[in-house]
Amino acid sequence: MATVGSMAAAAIVVMGVVINSRDKTIQCEVDARRASPAVDSAPAFVTAELLKKHSTEDSLWVAVNGQVWDVTAFAAIHPGGAQVLIDNSGKDASKLFNGIHPPDTLKQQVDHVRLVGPLDPSLVKKPGQERDEEQERIAAKRATLCGVDSVVSVPDFERYARDLLTDDAWYYYSTGADAEHSMHDNMAAFQRVRFRPRVFRNVAEPDTSTTILGVPSAIPIYVSPTARNGLGQPDGEVAVTRGAADAGIMQVVSHYASKSFDEIAAAAKEGQKIGWQVYLHPDRENSAKAIKHAVELGAASIWITADTAILGKRERERHMHTKREEIPHGTPMSRVKKTYATHDPSITWDDIAWVKSLAPGLPIIVKGIGAWEDVVLAKQYGADAVVLSNHGGRQLDTAASPLKTLYDLHQNRPDLLHKAGLEVYIDGGITRGTDVLKALCLGARAVGLGRPFIYAATGWGSEGVEKAVMILQEEMDIGMKLLGVTRLDQLGPEYLDCSKL
Amino acid sequence: MATVGSMAAAAIVVMGVVINSRDKTIQCEVDARRASPAVDSAPAFVTAELLKKHSTEDSLWVAVNGQVWDVTAFAAIHPGGAQVLIDNSGKDASKLFNGIHPPDTLKQQVDHVRLVGPLDPSLVKKPGQERDEEQERIAAKRATLCGVDSVVSVPDFERYARDLLTDDAWYYYSTGADAEHSMHDNMAAFQRVRFRPRVFRNVAEPDTSTTILGVPSAIPIYVSPTARNGLGQPDGEVAVTRGAADAGIMQVVSHYASKSFDEIAAAAKEGQKIGWQVYLHPDRENSAKAIKHAVELGAASIWITADTAILGKRERERHMHTKREEIPHGTPMSRVKKTYATHDPSITWDDIAWVKSLAPGLPIIVKGIGAWEDVVLAKQYGADAVVLSNHGGRQLDTAASPLKTLYDLHQNRPDLLHKAGLEVYIDGGITRGTDVLKALCLGARAVGLGRPFIYAATGWGSEGVEKAVMILQEEMDIGMKLLGVTRLDQLGPEYLDCSKL
Amino acid sequence: MATVGSMAAAAIVVMGVVINSRDKTIQCEVDARRASPAVDSAPAFVTAELLKKHSTEDSLWVAVNGQVWDVTAFAAIHPGGAQVLIDNSGKDASKLFNGIHPPDTLKQQVDHVRLVGPLDPSLVKKPGQERDEEQERIAAKRATLCGVDSVVSVPDFERYARDLLTDDAWYYYSTGADAEHSMHDNMAAFQRVRFRPRVFRNVAEPDTSTTILGVPSAIPIYVSPTARNGLGQPDGEVAVTRGAADAGIMQVVSHYASKSFDEIAAAAKEGQKIGWQVYLHPDRENSAKAIKHAVELGAASIWITADTAILGKRERERHMHTKREEIPHGTPMSRVKKTYATHDPSITWDDIAWVKSLAPGLPIIVKGIGAWEDVVLAKQYGADAVVLSNHGGRQLDTAASPLKTLYDLHQNRPDLLHKAGLEVYIDGGITRGTDVLKALCLGARAVGLGRPFIYAATGWGSEGVEKAVMILQEEMDIGMKLLGVTRLDQLGPEYLDCSKL
Amino acid sequence: MATVGSMAAAAIVVMGVVINSRDKTIQCEVDARRASPAVDSAPAFVTAELLKKHSTEDSLWVAVNGQVWDVTAFAAIHPGGAQVLIDNSGKDASKLFNGIHPPDTLKQQVDHVRLVGPLDPSLVKKPGQERDEEQERIAAKRATLCGVDSVVSVPDFERYARDLLTDDAWYYYSTGADAEHSMHDNMAAFQRVRFRPRVFRNVAEPDTSTTILGVPSAIPIYVSPTARNGLGQPDGEVAVTRGAADAGIMQVVSHYASKSFDEIAAAAKEGQKIGWQVYLHPDRENSAKAIKHAVELGAASIWITADTAILGKRERERHMHTKREEIPHGTPMSRVKKTYATHDPSITWDDIAWVKSLAPGLPIIVKGIGAWEDVVLAKQYGADAVVLSNHGGRQLDTAASPLKTLYDLHQNRPDLLHKAGLEVYIDGGITRGTDVLKALCLGARAVGLGRPFIYAATGWGSEGVEKAVMILQEEMDIGMKLLGVTRLDQLGPEYLDCSKL
């Protein structure tokens, strides 16, 4: 009982990072404690009092599903950041854990975590017991959720999703960095650009289809990689995979998906192309394994995120947490002793070659460019495509909107936007077919949508994803006809008035 | 009883489209069903259950005024679009139908619709029976509606009309496309332009009159064509015809008028000039007949709408519908099997010559231009006038405001704006005399108002229309005197500060 | 009794227009009616029923202070416009009349009005009887009005005044034309201009004083002419005259003052200089008399208003009236049969010479210029000063703000702004000392404030006026010191950032 | 008892101004009054009635902690201005006094104030007695104040502080001049500037540290001098001194600190560098003493405020006062007889040399520059650094934002911003790390924050100050990594899009 035993050799997936499993014995600390005088009368489990003591950076214990784990060493490399471990140490974090991770996540991190022993059984909540007011609210809403055809526009999905998400999920998804200027301006930028439509052209047969790095797409839209889709509905990214297949667009899966790459690949339809997004971690070997595994699973392309040298400060989310768990009067200020780099902050352009070497023949996309000069560098260093993005306003607040960055690129290096062996995408703030058309007028080949697909899947799973695409496709069809074009390559800056952008 | 009998040879009017009537026998399906074993015990009418079954695109039945019609084949060419037929199939649509169409509309579509038989009499609502809460609200409001002299400005009409309109009518009239950016910006654009008035000029006798393609007009305003005026008051377009005559301005009648061209022509005063607007349908012959009939009835001019290759997405209206008729939990998503082209999307500039051949000698106006370059083409292909317009913000959202398009034209091709054998109008967002003056300063010859006249007629019929013109005329009179001009041709860009447009 | 008798020969003042009195007998219509069979049994007074019949443009009777007058012929030349006579015909207008006019106004218009006879005594309200809810509200507010030192800024006066004014007065004073864009933008324009202050200059003794056309002024501010100050407090313009004297600034009296020129001149302190504003009426001789009378009374200057060829449309005021006196259901639309020109719309620049001939040696100011080109003309035709103004936003809505017009003048003809024998003022939207400084930086010599002084006098009479000046003077003193100047002629465009104007 | 007695010879500190104490006998007026017939039956104390009589500028008495003082002569040189003395004369001002001043302040002003005698004992409030509703509110809030780690961003401090401050303190700190346009625009200006971040640069080790005039600083931020920190918490500036030391940034102490320079210097850590800000008073010798004393106490630098030739008009604060102490109905307007110059308004650039002579070898900083041209002069006259500032929007309203002034400097004289022997700082509206980065991109070496540190200390004393710095440092760390820089001198205008500033 004090030993977890040997684990089968298999591909182990920890929060989207695939590593090779190893046979490993985890020594239970409870045994050791039994032998020590201080705890010899202690029962063979971890008491609440003992657990609570291990809630500092020097010793971090968390209880998950009845077992207590020591994650002190793991904090430094936890892909979700050390802070969430610190915040949830010394207590039962089952609910949060289960919302994000596959069940065997901790056991598979045997190199970095240590099983302490079972939690005091009287503290272990049975399934269903932890159902709280929030869950009641959500269950009631879901029981009466209207049919998906009630959804008229992509922004509708967000309104429905709010009611179906826990606060944790809602604030995680919806928050931007700092005061959220960039998040809101991403949308506003599209409204500042006006159309100059043309009439009396034969628009009987508009074609919204395109290819994205050679992958056919029903519309010039792909699913942007977003983390932890499992917070919104149990099928997580897999629901999106199915919806994207039905809708005929490409999904790019996040490194931090709630579902493993294997699960997602298994859910894909025959011939369905999926892009894989990776973060490069300080433990570069870890990233290398992830990339190679994605290649083995048939990834269509590798997307490297460039704008997360450190995670942005999501203030609204933090406020939600401090409001919910107020720090008592008189508690002295904590002074951080260590800092953790979730992602490798020392990446340079030269690393593109390294990624290419791991994924020979696959297109490499650099995601998160915020100045046109970096598009020049991306091409120079061999990227096949770039995503102009400020990460949905979640990273550097007041970073320019992607549409403005695209406009700047168009003004300074129009040669890079047309038939130059480099595809340019943008993401952030896109919710309508007309937004897509504007991006294409300025030279983008396609655009990514992230949050909208999460919200769509939250309400209606794969059907929601498909519905979102149907809405956008109808809007693009209308928009193209009313602009006077029938093929996407007819779009150009002459259809726009950018004087107020 | 099973046969509708022969119809008199006469001009048949179907929703504004005049076709020649033909003697035709419509075989009643109920007869056929009687002879079939499956229905031999069925009563000689259509039950609610049977009716409900025919509510898919494969078979669309609608009950209207006690009769059930099969409109499956008609959907593809229904001028109001297929969707409304689909939405109202399988049920009694009398109320909606009667609000829009002349009584004999369906019988006259003998080539496309088929009479199924009488509706189960127990389901037929007697007149008055269908009076519901909405009708009660409206009746109460109308009973106490103040005299028209309470109206101080054109926007007032809209506020009064809201109380007098059904939700269906209100949302149909008032909604713009998507997020309604263009609809609102149409108005805001006028406010961004400032006047530079001149003083100490003799302005004792300002003259607001002009001619529009040779038709004298008391003010440089015409009634823009708007569909289905009958939703607002029983006299529909005819009330506008009378009010326009009293006020001394020109009405342009919509192809989708609630009243037939004949009724409208009959209501016109001796010598009253009326413009006729046409949509070109996929069944081009149908449009040809409509044009020819308008010519026979003495149309002053033919207005071809250019910006409706497809109907815009009216989100606010759709939201009203989904809110009112919520789709039940669990209803699977509908996947559209067919698409319908309400209007011919393959129109090109060459079609102007075709229209001209149908209306020899009549001026042809192209309505719905959103980029100055198309004004150049319009002139080149023989148009006599153009309307710079984004269809009141109902078609392509975020299309430039007409005033901005006019300004661009003025900046790029001022030669087209003055004495060039081409008249330029704008419509959209105009509610005040000063708006009109600004358009004329930038070279427009006249402007069109649509919604305001609908709202004015909703409250006070022809008197409301006349009052609206009186208000605008007073405002123009004041505006001209305060600008320092007495004739419209004295207006020019020197009276404007467009630096913030 | 049926004869009003002979009136003494004296200067007669009718709403600011001075005419020579004449001995005149007014024949009472009641006598005539007595002799007619139709009324021979009628009592010797006008019944309510009879009065009500005379409420059309063909025959306008009004009851004032127990007498009924026929003002049909007078409507065309009523300085306040015909409409107010029409609106108040057929009823007792004593309350409105007494709020605006000196008691003997009607008797002195013997050329144009006719005494019909006494009103039915049972209808005559005794003083105090007509005290209504509105009066109660105002009396209560006034009884507890705080001391004037509670006022911190000029906008405060407006807030206090709202409670002390009747609706008639409030809407008359506060309303702008149409949607009031200009009225609001007048203020906003000042906020769009930013200061560029300089430091470390000796600012120990700033001097806010100046001269306005040679008249010394404690600050570069004068009281703009505003009509009917008597609506706000019983002393009307006289309170302002006294306050201006105490404060050391110049008052310009409106042609439509509630007090006669004589009363105002009598209230002036020894040596106090007062400007007189005139409207030129269609009856030009009437205006000539007014100007000559002002000259005789010692006017310092003659201000000709140029921007009122017709009165603007004050929508908010009209809405107040239609809301209060709703026109009953079913009342047919009135169609105006005659139009009235309150002011002479045929004035031209040549008329300046005519005014000069009537006021030899006095400076002539043209008030109400809205385009810099008219400043050039004003100088050319001999004006001594101009006021750039859009009449407080009450005339042509969306006319450029005075500050923008001044800026345009500065950009196009800076030579006209400095030592060119022409003084340039602006009015409209000025409420703070910094506003004044900005105008002077762009070349204005002084600025006028209208509404603020009305509101100040409403609350605290002459003391309020003086307080307003003290506030503005303190603000200017602070502003000059913080800008780094000590004399007004040191102000220049280098102290401003106009990039967002 | 009638004599206060001789005071010890010691450095006397009056509101931050250090003067040498002198042995002085203060004759009590009560003695003199006893001998006079008019008051011979008067008890040996000042009655409320007598006190109240001395509330005019001719004779100002104030009661403080049981003693009545005659401050008539002192008003002219009171550093806080004469008005506050006038406002509080004739009554017991103990509460206000104790909130701002050290206890012996009045006794030490023996040259300028005179002890009248004891206040009627029945009027003297015992400590605790004066605890009012406001104090109750604050005490309750403070008793439950959450731990400082609940604070997520710098603006949070203000929200918490509002509940912990008296109205007097809140309005004193938070108010800007006039309508507060500058105060708000200071913040908004930062939002109008957008980032152009760069990716794939090695940002593993960003360094936020710098030096400010040679003083090392953990981040390029210093504590701006702000008056009367004691209104917020009892330790006043001393709490800030300790927090700044812990956080590793420099404090600049206000001339009007609640704590004496000696107290602050005594609280400083070994080696902690503190800047001293001085206002130059009309009594220049007074200022000289203050500067010399600061030098003796080891000041790191002398900061001369340039933008307070006169104090700005803080309207919101004045409104609070007039609302709380309404002036009764009928009170006549007060007409100021004397004006007081709190600060010397005759300072010129030449005075920099004078200051330098008093603080040989110390850097001199000119604080409060609002136009780039004055930076040129500052350098020319020997300043070592300048602060572009509009005094937090508290002085000249609508003065340009510091960021705009910096931008103008960058556009006109970039040579002054880089390695030119002059350091340029800005203050006003800075609340986030990204704001700091933007200022540095445009050439500032550091920025000052004032109000945020007051609010932080109000809630949590020195810990609050340290927390504020930690938050800003984290934000700067994130911002630098996401911009792609690791050292502050890598920041430049190429990282910004200023097109909307």
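Just so it is clear, A, B, C and D label the chains in written order, and each chain counts residues from 1 on its own.
By definition in this document, a contact is a pair of C-beta atoms (placed from the backbone, for glycine too) under 8 Å apart; a residue touches a chain by one contact, two chains touch by 3 or more.
Just so you know, these numbers come straight off a predicted model, no measurement behind them.
**Q** Superimpose the Cα atoms of subunit A on the matching ones in subunit B and note the rotation angle, 0 to 180, in steps of 5 degrees.
**A** A turn of 90 degrees brings the C-alpha atoms of subunit A onto subunit B.
**Q** Same or different, please, for the subunit C to subunit D contact, judged on whether over half of the interface numbers appear on both copies.
**A** Different: when the shared numbers are divided by all numbers used, the fraction is under half.
**Q** Farthest from subunit A in C-alpha centre terms, which chain would that be?
**A** Checked the centroid distances; the maximum from subunit A is C.
**Q** Using Cα averages as centroids, what's the distance between subunit B and subunit C in whole Å?
**A** That gives a centre separation of 47 Å.
**Q** Quick check: how many Å separate the C-alpha centres of subunit B and subunit D?
**A** Each chain's C-alpha centroid was found; their separation is 66 Å.
**Q** Would you mind listing the residues of subunit A that make contact with two or more other chains?
**A** In subunit A, no residue touches at least two other chains, as defined above.
**Q** Any idea which subunit C residues touch subunit B in the complex?
**A** 178-179, 181, 306-307, 309-313, 315, 318-319, 322, 326-335, 341, 345-349, 351, 366, 368-371, 373-374, 377, 390, 395-401, 404-405, 408
**Q** Which positions of subunit B touch subunit C when the two form their complex?
**A** Contact set of subunit B toward subunit C: 143-150, 152-153, 190-191, 193-204, 432, 434, 460, 463, 466-467, 470, 474-475, 477-479, 481-484, 497.
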